[in-house]
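Look for subunit A in each of the two complexes below; its partner is subunit B in the first and subunit C in the second.
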Partner chain A sequence: MIESQRHSYHLVDPSPWPISGSLGALATTVGGVMYMHSFQGGATLLSLGLLFILYTMFVWWRDVLRESTLEGHHTKVVQLGLRYGFILFIVSEVMFFFAFFWAFFHSSLAPTVEIGGIWPPKGIGVLDPWEIPFLNTLILLSSGAAVTWAHHAILAGKEKRAVYALAATVLLALVFTGFQGMEYYQAPFTISDSIYGSTFFLATGFHGFHVIIGTLFLIICGIRQYLGHLTKEHHVGFEAAAWYWHFVDVVWLFLFVSIYWWGGI
Partner chain B sequence: MAISMMRSALLRNSLRTASKPSAPTRRGFSSSAHHDDAYEAAKWEKIAYLGAATCTILAIYNLSKGHPHYETPPEYPYLHIRNKEFPWELAGEDMMPISNIAQNCMVVFFFVFLVCVEINSLSQFQYFKPVLGSVHLFLEIFDA
Partner chain C sequence: MGKEIELKTAPADYRFPTTNQTRHCFTRYIEFHRCVAAKGDEGNDCERFAKYYRSLCPSEWVERWNEQRENGTFPGPL
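== the complex of A and B ==
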């Protein structure tokens, strides 16, 4: 830490990443609209924008890791702020998924005459919840147990075991994504098959996307644990990844009970 | 009546336990270091293995069963909705042209991207700060 600092707050240095991330988001939005309306160059701008965002994410988080480890800016006070920030982020994610459940229950509790007045709509063959979806529930719950194992291993100072536990968590996460991919491939309906397909793939697709993000987050934690970045007293990055993973797990439980099980009867 | 009796019994019980001086209140947060983490790690390791083993058996059972065949439904208007071509099905002449201004904007955008990459390589210099800081401290000590 800089020797003249007489407080425990982290006053960040000027950084080009907020503006580069904003430009990336702008290009992604404009490029996405152009692509979906079949404008020339839409695909190019969309790819450029996504590349820009991925690049920004990499360098920004690389800077945060350096501020935490090499520069030692993440004091107890800063760690508390990071935790609050991450909790608020998860709350916003809950609201994001709340909207999809709202759309689902709006359409399924009082099915319109246009879809035959029944749920699932007439002509939709649904997936059996007790086959792959139930297996996926167990896989996610097991990976939740594995991430708790990793947490206690970190707290107990067992560095190698924590890496193994994180590897087990990531492995289970990848198996979940694989089964979801298989299920999507074999599904008898698509996103363009009535409001059932739309709500089903919107909700489960965004969940799957969040599982992939959570998996990447856990992989980064595993690498950082291997490199010795995480200690008994200071492992905010891991805690955030574990909270995020439990959040993804809970969303799946709601998806399983309401969309796969109740919505398929 | 039954509910009120139950409530008073519950209240009595809670008062009895609360009055005991030998009952310390413990908060079981996962982040608190009061319990043995090595024990907890071993316990959760077993639970994770048990879960993974169950998943493996269930996966083998599910995959060996084969997937069901669905009948093709009648052509209801709400199924298989297609209102326009997919963007990847169109090419060249079929696509909407864009103005030169928009094309130039994309070139400028790419230039900004390159500038950001350049700023990034320059920003590596901030890691000389601890070195400069210690030089500064050294000079200060000498001055005093």
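== the complex of A and C ==
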């Protein structure tokens, strides 16, 4: 740290990870296009790109962790910036899902004559919303409550209890993903069964993907809580994970009401 | 001089107020077949629905839908 620093902003050191992440993204894109068009070496380039991105994520976040937890660069004002940044990220995620809901309502509110002008289209055996989907609603809401329990434990300085609460949150998250996987496996329609299958699996599939990301985020928080990285006053990483988890939860509620329930009548 | 030929299309239907009459054609097609299913094709009860859909629908669509009905793959609510 420069000794003459008279401000509390974090001036980051030069890092190779932005360019390595960019190269990984480039290899993933080109490799992905090559793979989907059956070019030789497409799969190899795609895997290499994804591996590169995963490696970059690991080392970049490792550096952030060192800068914050070990070197103390994340002052109050830096934490504020991180919060703003994460909120903007979630706003962009809201827009991402808004697009899928738009596609769903566009297709279902005025079904075209190609699918007989009815929704769900003839021959689609819809899933009963009051079986697995409703159970999953309860599971996800419970995990939202559990993450709040963890937050209160952290604020109260109850470190062990926070780890237990996070473990409970993650456990519920895993059960949710397990049920979704089971329901996907047993579903009587696929993503290629008309616009119904397309909108259903696009929206619920991307939600499932976000649940998995949120679960990993919470697992990392649990490990860091166990290691004593999170304190009463300073736990931005946990807060971000909790916000993300609530976001995923709210998206599910909209999916449940519009796609599973209304869209299945 | 013979009798004047009367040219008529389907009447305006308040259910389909837009310029695009695709759904109007499709609905009349379905109404005709529902009518036939309910009353049989002897009487002239259903004739008007047939006139409506024939004047509204492109003939390729009607051919395709007839084919689909034969194969049992027609997607509409008959």
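Throughout what follows, the second predicted complex is superposed on the first by the 263 of 265 C-alpha atoms of A that agree within 3 Å, B and C clash if a C-alpha of one lies under 4 Å from a C-alpha of the other, contacts with A are read in each partner's own complex, and residues count from 1 in each chain.
Everything below uses one rule, namely that a contact is a pair of C-beta atoms (placed from the backbone, for glycine too) under 8 Å apart; a residue touches a chain by one contact, two chains touch by 3 or more.
Nothing here was measured: the structure is a model prediction, and the numbers come from that model.
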One more residue to check, A:K122. First (subunit B), second (subunit C), both or neither? both
Could you let me know whether more residues of subunit A are touched by subunit B or by subunit C? B
Would you check which partner chain A:S92 touches, where first means subunit B only, second means subunit C only, and both and neither mean what they say? neither
So, does A:E114 touch the first partner subunit B, the second partner subunit C, both, or neither? both
Shared contact residues on subunit A for subunit B and subunit C? 114-116, 121-123
Would you tell me which residues of subunit A are touching subunit B in their complex? 2-3, 13, 15-16, 20, 23, 27, 34-45, 48, 51-52, 55-56, 59, 63, 66, 70-71, 114-116, 121-125, 128, 131-132, 134-135, 138-139, 141-143, 145-146, 148-149, 151-153, 155-156, 158, 161, 165, 168, 172, 175, 179, 186, 188, 190, 192-195, 239
What part of subunit A is in contact with subunit C in the complex they form? 113-118, 121-123
Which stretch or stretches of subunit C touch subunit A in the complex? 22-23, 26-27, 74-77
Within the complex, which stretch of subunit B touches subunit A? 30-31, 33, 36-38, 40-41, 44-45, 47-48, 51-52, 54-55, 58-59, 62, 65, 67-68, 70-71, 73-74, 76, 78-82, 85, 87, 90, 94-98, 102-103, 106, 109-110, 112-113, 116-117, 119-120, 123, 126-127, 129-130, 133, 137
